[in-house]
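Both complexes shown next keep subunit A, but they swap its partner, so subunit B is in the first and subunit C is in the second.
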Partner chain A sequence: MHISFLNHANGRYFWVAIALVGASIVAYLLQEPHQTPNGGTWLGYTLGTMGALLILWLIYLGRRKRNFAAGWGTVRGWVSAHVYLGTSLLVVATLHTGFQFGINVHTLAYVLMCVVIVSGLFGVWAYRTYPEARNELKRSQTLDDIFLQLEDIDGQLKRDVNALAADIRGVVSSAIDRTEIGGGMYAQLAGVDSSKVMIDGNVYPNTDQVRVVAWLVERLSLAEGSETGKLSAVVRSYGARQKLLQVIRTDIRFQALQEAWLYLHVPLSIALLAALLTHIVSVFIYW
Partner chain B sequence: MFEIAVIGAGPGGLSAAARCAELDVDHVLLESSPKIANTIQKYQKGKHVMAEPGILPLRSPIEFDAGKRETILGNWETGIKTVGVNIQYGAEVKAISGSQGNFVISLMNGEEVLARHVILGIGLQGNPRQMGVPGEQSEVVQYTLDDPGEYKDESIAIIGAGDAAIENAIALAANNKVYIVNRKDEFARAKEGNLNLIMAAIDAGTIECYYDSSPAGVEELEGGDFPANLQLKTATGDAIVPLHRIIARLGAIPPRKLVESFGIEFPSEDQNAIPALTSQYESNVTGIYVIGALGGYPLIKQAMNQGYEVVEYILGHDVKPADNDLLAAKFNGLPYEVEVDGVLALMQERIPVFADVNALQFRELMLDSNVSMPAKGDVIFKQHDYTNTFFTILEGTVEIEVNPTLRITANAGSFFGEMSLMSGRRRSASVYAGPQCIVIETPRRSMIKLISSVAAVKRVLDETFIVRTIQQKFAPDTPIEELQPIAARAKMHQFQPKEVIFKEGDEADTLHFIRNGSVTVSIEIDGRDVVMSYVPANTPIGEMALLGNTTRSATVKAAVKTETISLDKESFSLLLERSAGLKERLQAMVKDRHEQNVALQSNSESSDLMSFLMGQGLGEATDVLLIDENICVGCDLCESACAATHDGTSRLNRKAGPTFAHIHVPTSCRHCEDPSCMKDCPPDAIQRGGLGGEVFIGDNCIGCGNCERNCPYGVIQMAYKTEAPSSYWSWMLFGLGQKPGRGKAAVVGESSFKQAVKCDMCKDQSGGPSCVRACPTGAAMRLSPEDFVDLVNVVR
Partner chain C sequence: MRLLIKYIESRGAGKEVSQFTFEGDVATIGRGTDQTIQIADRRLPLSHSRLTLAGGKLTLASGGDYRFAVNGESTRRAQLQVGDQVEISGHSIKVKADDGELDFVLEVELASETVAKLRDRFQTRLRDVKVPERAIAWTLFLVILVVTLAIPMAGFYLDEREELRDSMLPDDGQWLSGELHQNHAFLGENCDACHAKPFVPTQDEDCLGCHQTITHHFDTEVHGDDYQVGSRCADCHQEHSTTGSIIRSDQGVCTTCHAKLTDVGMDGDGLLPATDFSANHPDFKVSLLQYGLDDVWHEKRVNLDEEGITEESNLIFPHDLHLDAEGIDSADGKVRLECSDCHVPEKGGMNMQAVNMQDHCASCHQLTFDPNSPDRVVPHGSPPELMRTLREYYALQYLTEELGADTGDDQTLASAIETDAEPVRAVRRPGRVARPELITDLITAMQIDPKASIGAKAAVFIEARVADAAENLFEKQTCTVCHEITAVADAEVPWKVLPVRISEAWYPLSEFSHEGHKNMECDGCHLARDSEVATDILMPDIANCRQCHGGEDAENLLASNCITCHKFHLDDQAPMGDGHGSSAMSDILKARRPISDMLKSKPMTSEQTESKGIE
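The block that comes next holds the complex of A and B.
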């Protein structure tokens, strides 16, 4: 029970990866001393072939996870193997290079591979971190639930301020209308909040609703008679609204972070495939 | 005086009247509504109606084949005109008096109809309950609503506060001014979804509600903007509402009351009971015959065949029932030189449990059953199989292997398989065929129907169940005869969900054995109930205190509707004496439970989670999909996988459903022990299968939607089949076709219709449930309630 892709089958693929890395290192250290480490030795060819096949297989995960009728294994098992064997590629491919780098297509393929692997490792961390953080943040509710609560509070606030002075009505409804959630990729990842509020005909930034809350609190100190009670209720509701917006914005940011790495990982894998083909073809033709 | 009066112009009644007309028998067909086949008229427009069971031939003067609702109704209307049926519309029957040869049928409109014989084919829908106030017969009052879209810009009052009333009110409010009249001060009877909808509509002012109000009269108006006034008695005085239309949704009067008032007897109080009938459909009142759904035959074709046959029987013609050939084929190969009726009689004579079943019911039972002649040593079923059919032995013997060292021989005339039948759980023993044996295998649904209508069958099964349970669970080496006196002292109990079976601190005087359902064990810590564990059916409970001779150490409550068998202290001691090793076995069980309890006790979050799972009705689950929100990345591959492997419709909704801590219960079938969906499926299309125990819907589903309504967890949907998925590579490389598992549109053609779909646990997929196999992180898991204790303990 409760087995994630990291401890799938008691970490079977972790040990497979360790064995692969260990065997590669031992073979590398034991290779005939008079040979310079190079992709062209028998060991170089072996490691290169292994690495290339591994890359093809790793990329095939994109197909396997959509092949829902497939009977072989579970996607969890595939992901487990993908993570561990993919990471082992860092060692296998590095040994294949024999530490010969340059400004050429061969090194390009290597660098692309490293970037793909590092983005993947970030992905592992993100998948292990963000879902739990988001669940805790939302206290087991869905984002849709929280949006519904926000809608309720907005409706409530708009009704409540109807009974209050025009300046309060104006500020609160403009703050509600000019609240911004989400936005472009950067805005989501960085949690940018470009909400605004209009006070006395001027539009001010209202990041995290701080401006409007400050205004309301100040206005409350000036309130008199029956206005005081009603306005303090509005201030309380607005505080709750601020909290909900924080949760929503943080959740969106976490979700963006949880998924952003894929936009690097997948396209660069394709680029890696192209560079790898070029590397192999050029090696056989020009070497 | 008519020779035959047919009441109810449904499929059975139409067929019977048409046969009368064809034979020139003096007849009348009485129909309460203004059209034929009221139930089918109410189907939505263009609905595809099926002609199950496919193997049964149709025998009727009027046509019927699978097709559109309109075509079928059209055929029937032409059919009865062609043969010249004498039909009276608007003739609602109030009472029947007299006897064969001289029945007096009184109608609501005051008329009386005289007939020598009466055929009742009134179905199960019942008549809508009337308002019971002056003016209720007015033109503006109606009792059904077929198409809410028909009405625009009207003022309409809905009378009633049930689901039907709320659904009508919400639908009509889109284009009309709607009032809802509620006798109480809240909508207590409504489903939660409907309750939220109506409260929101009342808050928003789109529907106006009269609480604590009841109608006092309807007054028709001449001229003016509104054709009628509705007079209301409200808590604050009288009110008058001008209206265009009044829709009364006050439920229906079940036909049973009416039928009983004719003198027809039902064998039990059970709501599923059907009147006792002879093999010629005659009731206990000589001269009154019952056909169709009321007689226990819910399918159109069956009813039509019966309509034909019953007329033949009344006229004294010797016709074989339409199913005769089917039975003959079933009995083909049996070593008996007699006709179908002879074989049936022989079966009832040889098998005591069926002795009290009437001939018609037995015939139906055998139509559903299979007769087989397994070779000696063949496996009939294996221990832990998920099958739940019931077996009777017609010839020879079978060997029941309770455990590797104990084999019991069951003789001809006895039965087996009743444990799984009753508990809905896996087989508790393996059964092998003996020499020259012939066994009859009866499906669970047919047996449940029989048990609910024939008390004698229930009694025999219960008694056997008790003694066999005692033998299997406590005293495997003691012969049945020695256990009889102990069994005789055992009692059966029924508990409602959450009802306490015994309380912590009570004196321990009985041992309970859970026959079906399941229970939770809880203890009180700091004044609150902390759930310690979950105990499924086929397990004893309460043995701890009896063994140690102490008070109860925990409170046991029914998790779902539960039946137990109890043994008192003396019987228990007697059992301990008789059965060597029982004490040691029970002590080992007690030790396991103590360990479990300690593990849970130390962690109140675990026990809250357990309570949450039980609160979701998962106590009656056998296999449920849960999602660990802490590792779910929301990729929805589970849904895609489900859709891709099931005709394009996902049977699970990941986002829907509640979450507690980080365990999420998505909307998806949990394969209940005693599935509500199976209770009312006319073609018996919902089955429980193979090794996984999955509940699945077969292709013979007629799309009636009963299961969708009956499922308390909302996991069944009605859906069209979709086209075959497009190729992955053409999507991947060229963007052609649909993304795998997504957005495939159903091709809705002339003959396509919606069928019920639900999780079938991927019984046709190699490798198991695709939702779990497609989950990349391991968040999706399928569990049975026995695993919950491990789950809540691992989850921190």
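The block that comes next holds the complex of A and C.
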């Protein structure tokens, strides 16, 4: 079986997390059943202290696991601990609240923590899902490889259309020049294709190169003599180009999805640190 | 086929060349390391094309769909001549003639990647977008810290909280973890009423500043002040908790000690273990009153199920007779009495108002003493007063009748009584015939010496009449109906009426509200209809309560915990504070705006006035 951070050391941290969650729940249920659960009971303070220490440790872990070589432990071990203990924090901290929420700094810290954890869980899912899907998609090549192939086809197409009529040359080279890949955060995540093509002096949307392929096929029907063979070679090449672009675009979207959670996870972890500090100080200033 | 293959690589201005000779039938071109001409470029397939020599003609043919260009012309198969330039993915292969014994020289020039890669022209990774992640993170960090912590804290330490709260700036209100309990709502934003010092838990003194009269649970002088369940008020009374009550009401708070008092070093003072009303609670004990020989009421605690226990109120009262469904004789005929005719709960419903002669008995039990004056009654409650009333009555009778008779001729008193005896005869019940006795007859019957002085005659008459009436009252007809009477050697009042006292609190350690049980029938708990004597104890036992009340976790019964019936802060214990009125409270209230101010700032609108008028 493939060893990932999820089953690292026979899921050592999974069991640590289960023990932590189980102990917290049992303690919560065993506290005097008619006493109002609250962060300020002895159990509340215990869970709160555990939660705060966990948060600090997890943030340190999050940073620590980027140092591949330094110190003790393996990266996989650190990630494993980070994921399982981070998830257990959701239970520990929720029990700490005693299910009392409001519009205040305490609930702010809780909400930030939840967003951080949930984004992290999405990250786990993403890292389990997208790399495999992307590998499948690119048939074990890298995206760079595919870009080089695209570059090659582009050069080849440009050469091929040199021998053809001016309208073909114009349309194909404008389609190549106006092909858009990737883009901003949203474009990458949503897989927006804002490619264009200029035909007869007008610029048209050319999403998924559909417009130019349609034009080429139509133009092929009007071709005569040796132009037919050359144009059909161009159409074939353009078909290959279209496929490459599809692969590239899907891969970019997958990669963006795979990494996007970090843009919430990391900054909100830091924000959580501030909210946690406020939570603790404000609770004790008016103890 | 023999080929000289030269690799030319541009390195700055110069060119570096490496070369080798190939001998064989087919020379292959591709990325693979097994290729004759290896072009380490990821765009190329492992095997791209093949060179063959047939009849002096060099042919280049690609496998599959791969294309290359010869002299700028794109193709998949071409015959190459000396001078031709083949281009494969930007790399060029020049075909040159060899002046030696080789067939051709191939100059392979690998394209250096001087042109920006296609990928670099686009943003293809999220990190290319260059989100200022760190900046965002630390901005968030700082904003949260400043808004939620720094500014409110500055207000706190600079003593500008009020100003801060009145301003648009963030204040310490966002720290509030939950609203104050309703009872404390009047404290409003006066946080330091309870939170006197920062980073120090609320102290009992902060609570007792207002709650000065709240009492201890036990005698702390004797038992110390270790409460086991917590040492601070706040351990049981949790403020700012959005759920639940401010009073900790779970059984655990009690059973920590009351499961076994000796375990926590208390002798228990006769208190038995109790952990749950239905599962483990001792039988009820009643407090019975006993009038001692020392003329003082003594209270004793008795198990309700003890054989032969009686109430010793010294009252004679058969409940069954009074609650007879047929009714009981009264001056106005049969009357059906209800429990509530005599037993009325006090305001708040805790105890019953005391039953008293005047309101509850006198309408039937009239304290008349003279058949000739059925409207005259003796006062209730004080035998000396009673005796005085009798003396006054008979003195007046003698005065008005006998002496009045002396002044006139030998007249009977009948007319005199009719005219003069106003206080005695003012009201006469209709339908009854006056049957006045002749006082002269009485005097004759008493055999009073007619020659004696008026004073001596009067004294003999009055004393005889008073003694007669008193004996009748005390021993035969009136007092003795309800009271225990004993004869005593006392010249003034030769009888003693044992004082009557009905227990005010049968279960003084618990609180029972009749108000809360008003939808129940009285005889659901008190079996008074069958009680023939007042010594019966009509208090319900625990089994009776358990018909409806279960323990804390009861599912099919009314869940009842300790403080459903018992109080923690006991009235007979010393106050936790100094026991006086609260100055802290008045300080807080003074600090608030006076009510007159509030009224001024909020004048009643005409609309409100109108609606008031309609109401």
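Definition applied: the second predicted complex is superposed on the first by the 275 of 287 C-alpha atoms of A that agree within 3 Å, B and C clash if a C-alpha of one lies under 4 Å from a C-alpha of the other, contacts with A are read in each partner's own complex, and residues count from 1 in each chain.
Following the convention adopted for this analysis, a residue touches a chain if its C-beta (ideal position, glycine included) is under 8 Å from a C-beta of that chain, and two chains touch if they have at least 3 such contacts.
Everything numeric in this text was worked out from a predicted model, so none of it was measured.
Peer 1: If we overlay the two complexes on their shared chain A, which of subunit B and subunit C does A:5 touch? Say first, second, both or neither.
Peer 2: The first partner, subunit B, only.
Peer 1: Of subunit B and subunit C, which one touches more of subunit A's residues?
Peer 2: C
Peer 1: Which partner chains sit in contact with A:38 here, subunit B, subunit C, both or neither? Use first/second/both/neither.
Peer 2: It touches subunit C, and subunit B stays clear.
Peer 1: With both complexes overlaid on chain A, does A:75 touch subunit B (first), subunit C (second), both or neither?
Peer 2: first
Peer 1: Between subunit B and subunit C, whom does A:131 touch in the aligned arrangement: first, second, both, or neither?
Peer 2: The answer is first: A:131 touches subunit B but not subunit C.
Peer 1: In the overlaid three-chain picture, which partner chain does A:63 touch, first (subunit B) or second (subunit C), both, or neither?
Peer 2: A:63: touches subunit B, not subunit C.
Peer 1: Contacts for A:281 in the overlay, against subunit B (first) and subunit C (second): which applies, first, second, both or neither?
Peer 2: Touch status of A:281: second partner only.
Peer 1: Just to be sure I read the superposition right, which of the two partners does A:144 touch: subunit B = first, subunit C = second, or both, or neither?
Peer 2: Touch partners of A:144: subunit B and subunit C.
Peer 1: Of the two partner chains, subunit B (first) and subunit C (second), which one does A:228 touch, if any: first, second, both, or neither?
Peer 2: neither
Peer 1: Across the two complexes, what residues of subunit A are contacted by subunit B and by subunit C?
Peer 2: 141-142, 144, 255, 259
Peer 1: Please name which positions on subunit C make contact with subunit A in the complex.
Peer 2: Residues of subunit C touching subunit A: 41-43, 65, 67, 69, 72-74, 89-90, 117-119, 122-129, 131, 133, 136-138, 140-142, 144-145, 148-149, 152-153, 156, 172, 174-178, 191, 195, 198-202, 238, 241-245, 248-253, 552-553, 561.
Peer 1: State the interface residues of subunit B toward subunit A in the complex, per the touch definition above.
Peer 2: 628-634, 637, 640-641, 644-645, 655, 659-662, 664, 728, 732, 740-741, 765-767, 770, 772-779, 781, 783, 787, 790-791, 794-795
Peer 1: Considering only the defined contacts, which subunit A positions touch subunit B in the complex?
Peer 2: Touching subunit B from subunit A are residues 1-5, 8, 62-63, 65-76, 78-79, 127-128, 130-132, 135, 140-142, 144, 255, 258-259.
Peer 1: Can you tell me which positions in subunit A touch subunit C when the two form their complex?
Peer 2: That would be residues 32-41, 98-106, 108, 141-145, 147-152, 154-156, 159-160, 162-163, 180-185, 188, 233, 236-237, 240, 248, 252, 255-256, 259-260, 263, 266-271, 273-275, 277-278, 281-287 of subunit A.
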